[in-house]
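In order of appearance the chains are A, B and C, and numbering begins at 1 in each one.
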Amino acid sequence: MDRNQLYESLNPDLLQTEEMVRPQTTYLKDVWRTFKKRKTALVSAIILVLLVLLVLFGPMMNPYNYYSNDYTAINSAPSAQHWFGTDTLGRDLWTRVWVGGRVSLLIAILATLFPFAIGMVMGGISGYFGGKVDMIMMRTIDILMGIPTMIYNILLIVVMGSGNISTLIIAFTLTGWMGSARSARGMVLQIKAREFVMASETLGASPVRIIFRHLLPNTMGIMVVGITLTIPMIIFAEAFLSFIGLGIAPPNPSWGQLISNAADVFKNYPYQFIIPCSFVSLTMLCFNLMGDGLRDALDPKLRA
Amino acid sequence: MKKALLTVEDLTISFFTQAGEVQAVRGVSWHVSEKETIAIVGESGCGKTVSIQTVMGLLSKPGSIQKGQILFRGEDLAKADKNRLHELQGNDMSMIFQDPLTYLNPTMRVGRQIAEAYLQHNKATREEADARVLEMMRLVSFPSPERNMRAYPFQLSGGMRQRIMVAMALVCNPAVLFADEPTTALDVTIQAQIIDLMNSLKTKIDAAIVLITHDMGVVANMAQRVYVMYAGKIVEHGAVDDIFSNPKHPYTWGLLYSIPRLDAPVKGAMEYIPGTPPDLISPPKGCAFAARCRHAMNICAQQQPPFFDFEEPEHCAACWLYAQDAKEQYADVIEKRGKENG
Amino acid sequence: MADKTLLELKSVSKHFQVKSGVLKAVNDVSLTIYKGETLGLVGESGCGKTTLGRTLVKLYQNDEGSILYKGKDIWSYNRRENLAYHKNVQIIYQDPYASLNPLHVVRQSISEGLEIHHLYKGKKRNDRVLELLDMVGLNQEHANRFPHEFSGGQRQRIGIARALAVEPELIICDEPVSALDVSIQAQIVNLIMRLQKEMGLSYLFITHDLSLVKQISDRIAVMYLGSIVELAPAQSLYEHHYHPYTSALLSAIPIPDPVVEKHRRRILLSGDVPNPINLDGGCSFRSRCPKATERCAAERPQLREITPAHFVACHHAD
C-alpha cells in the first residue's frame, strides 16, 4: 500500500474480525474442566463407570447363574473356576455379586431420584410462596425429620411386607424427600431475589412457570451434588436392612443379602463376607469423592 | 520540569488464563512528581487498575509482569521481592479503594485499624499510636474523633468510612497515594465532600496522588495532569486544561462528548462511541480503537501509532491523524472536534 | 390532558418492617405519568426510587394510597386484567448480570413474554424474536447464545428486547445504564430514546445521575428519603431549582471541565443522610438543610405549585 493509500479512510476489510474470539464454553464444559482437575473425583468417576459395566455384563462372563445350587462346590475359595468362590449353597459368588449389584444400585438410584424429585417440587413451592405455605411445610418437615429414618423405614417395611425392590424404594422415598426439600427451598429463596426471576414475574408469568422454568433448574447444581452424596447412604441403608432381614429376600441377591448370608460363616470363610463388603465400601467411597469433586466444580467462586 | 518521584516505563502485564493470554497492559509509561496529582482515566478493562495494583505490588496470579520498569526513588520495583514490597506497602505507597466496606475489617474498631496501619511500619507505644490516630482523624475532618475512633465500620456511613480509609492510607506519611475510584461507590453529595477533602489535603501533605477513575468530572476537579488509557495502552496525555479544552485523540473526544453534562442543554442529542472495546486476548495489530473510530484510516488497522507531540508542554497523543502525512488532510476535522468541549 | 394520563399515583406509601422499626421506603408520593413523555425520577441511593419503580410493576404492593392505570386501580384487577397490565407496563432492570436466566439462551429469554401472552404463533414467534434482536442492535446469531457470552451492554439490550416483546405502553427504566461502562452508557441511552420515538413509548426513567436525566427527560421528579421534594419540567428545574436539596445536589455534581469547575460555588451539605427508619413527621431534609426552621420539624411540607407546572415541597422555597 503506498503512502497516500495509508492515510485514506479505513477500509473495513482490513480490520481483524474478532467476533467472539474466545472458544465457546458452556457452563457444563467449564464444570467438566474443573472436575477433571480433581484427580480423586475423576478416578472415582472412572471406577464407578467400571462398576456399572461389571454389574451389567459381569454375570455373562462365566457360565454360572445366581440361583443354582451346586453341592459339590460349597464354600470354595476364589479359584479359576469360581473367580470369587462360592457360598454355602455352592452358588457362584462372582455372578451373585454382580446380580446383587444390579439390585442394590437400582434401589439406590431410584430411591434417591424419586425423593429428590418430590423434595425439589415441595421445596420449590415452599420457597416461592413463602408465608403460611412455607411455614406449614417447614414445620411439617422439622417434625418428620425428628424421627430417625431407620425406625421409619423399618416400620414401613414391616407394614408393607419386606423382600421386595418396590417396597424398599417406596419406604426410602417416603423418608427421604425432606432433606432435598429443605435444601431446594434454601436455594430457591436465594434465587428468588435475582432480577431474572423478577423479570419473569413482571412479564406476568404464573407461579408454575417461575418455579419449574426458572427456580428449580437453577438449583440443579446443588441437587446433583446432593444426589451423588445420597446414593451411597441408600446403598448402606439397603445393606443394613437386608442384613437384619427386612430387605431383599433370598434367593434374590443384593449386596446386603450377600453380606447377611456371609456373616454366619465369617470365621471360616471370610472371603464370602469381605468381597461384597468391599464393593459396598468402594461404591460408597467413589460416590462420595465424586460428589465432593462435583460440589467444588459447581461452586462459582472456586472456578479458575 | 519537576523530578519524577515514581516513573513507570513501558510496563507490560499479561494474565495467563484458561482462555489464553490476556494482554491487560501493553506497554504503558507514566510518571508522577512530588506533591503532584495525576489521573489515569479509562473504562473498566482498560488496564488502569491492574497497572497501579502492580506498582503497589498487589499483582497476583495468573498475572505477571512481562516487561518494563517501575522506578521509585531509583529502585526498580518490578524486580523487587515480596518482602521489599511489603515494606513499602502502606508506608511509602498506599492506596484507597472504591468500596470502603469491603476493605475495612468489620470486627475491629476503626481507630484500632488506623493504629495498626501505623504500627506496621513504625515502632511506637499505644499512646503514641492513638495520638497519631487522632491527628489523622482530624486531618480528614472526621467529626468527634475521640468518640468515633471507637466505632465499628458498620456504624459509620459510606462517606465516613471513606475518610477512615484515607486516614489509614496517610498515617505513615506515604510518598505516593493511589486512589482507585475513590468516589464511585458514593452518593453525589458525599462524593463532593470527599473530593473537597482530597483537594484540601493536597496543601497539608506531601504525597503525590495518582487518581484512577472513569469519572471525567472528578478528574476535572482534582488532577493536574491526565493520562487517558484504552485497551491497555495510553492514548493521550497532557495537562488537565489541555485535555479538556483541546483534546486530540478520537477516544478522548468520544469519552468527553458522550458523557452527559450538567451544563448541556435539556434533551440535547447524546453522542456515543459505537461498538465495544477489543478482547485483549487477541488485541488488534494496529490501533485498538480503529474499529470504533469514525476517523480511522488504513494505516490505523495495520500499525500501532506512536506518540505525537503538540505545542503545549507534555501534551501528546498516539494517533495517526497527527502524522506528518495526515495532519493537513484532516486538519479541519481535528480543529472542529477538538473544540467541541465546552 | 386527562385522556393523556397513563399512570396516576395518589399518596402512595410502601413500608418495610425491619428489626429496629418501620422503614418508609416510599412516603406519601403523588405523581402522574403522561402518555408519550419521559418522566425522570432522580435521587441518591436509598431514596426509594427503585422501590417506587418496582411497586409500579406490582413487585411490591403499596400499603397506602392508590395507583391508577388509565383510571383503574391496579390492585382491583381480575386475572385477565392483571395479565393485561403486565403487558402494558414493563420494566428494564439495573443489573445486566442478574437480569437474565443463565440457563436460557437469548431466544428463550426474549420469547418468554410472547409465550405468556400468547403473542405470535409458531414460526412467526421466532421471526418476531429475530426482529426484536435487530431492533436493539443485536444479530440473528445471538439468539442461540447464553447470557454469559455477552458483555454488560449487550445483556442490557437483551433485557430491553425482552421488555419490548410484549409491546408495552409504559416502561419503567430502573437505572438501566448505571452498571455499564461510560462509553456504553451513551449507546444504550440512545437506543432507549430512539425506541421511544419509533414505538411511541412512555418512560419513567429512574437514575441517580442528574446530568443524564437532563438529556432525556421532559419532566423530572427529585426524590429524597421516600418523598418527592421537587417536580418540574426539565428546563425549569435546571434553571430555577427551589428546593435546597435540589440545589445542593446540582452543585455537588462535578462537571467535566476544569475551567468551569474552578469558578463553581459548591453548596456542601453538612452531615450524612439520616437514618430512614422510623422517620417522624416533619420535613425529612431538615437535618441537613441550611434553611431549616421550627416549622420544618413540626409540619411536613406538601408539594405546592410555585411557578406553572413547577412543584416544590418546602416551606421556605421562594
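In this section, a residue touches a chain if its C-beta (ideal position, glycine included) is under 8 Å from a C-beta of that chain, and two chains touch if they have at least 3 such contacts.
Remember, it's a predicted structure, so these values are computed and weren't measured experimentally.
Among the remaining chains, B is positioned farthest from chain A, on the basis of C-alpha centroids. Here the largest set of C-beta contact pairs joins the chains B-C. With centres taken as mean Cα positions, chain C sits 47 Å from chain A. Work out the mean CA point of chain A and of chain B, and you get 51 Å between them.
One inter-chain figure worth recording: chain B and chain C are separated by 32 Å, centre to centre, where each centre is the mean of the chain's CA atoms. For chain C, the set of residues that touch two or more other chains is empty.
Listing the residues of chain C that touch chain B in their complex gives 44-45, 151, 153-154, 181-187, 189-190, 193, 208-212, 214-218, 234-235, 238, 248-261, 266, 268-269, 272-273. Touching chain A in their complex are the following residues of chain B: 18-20, 278-279, 281-282, 284-285, 290-291, 293, 296-302, 320, 323, 325-326, 329. Interface residues of chain A, counted against chain B in their complex, comprise 1, 3, 5-11, 14-16, 18, 21-23, 25, 33, 304. Here chain A touches chain C in the complex through residues 20, 24, 26-27, 194-196, 198-206, 209, 214, 217-218, going by the rule given at the top. Residues 54, 57-59, 82-83, 86-87, 90-91, 93-95, 98-103, 109, 112-113, 116-117, 146, 148-149, 159, 162, 166 of chain C are the ones that touch chain A when the two sit in their complex.
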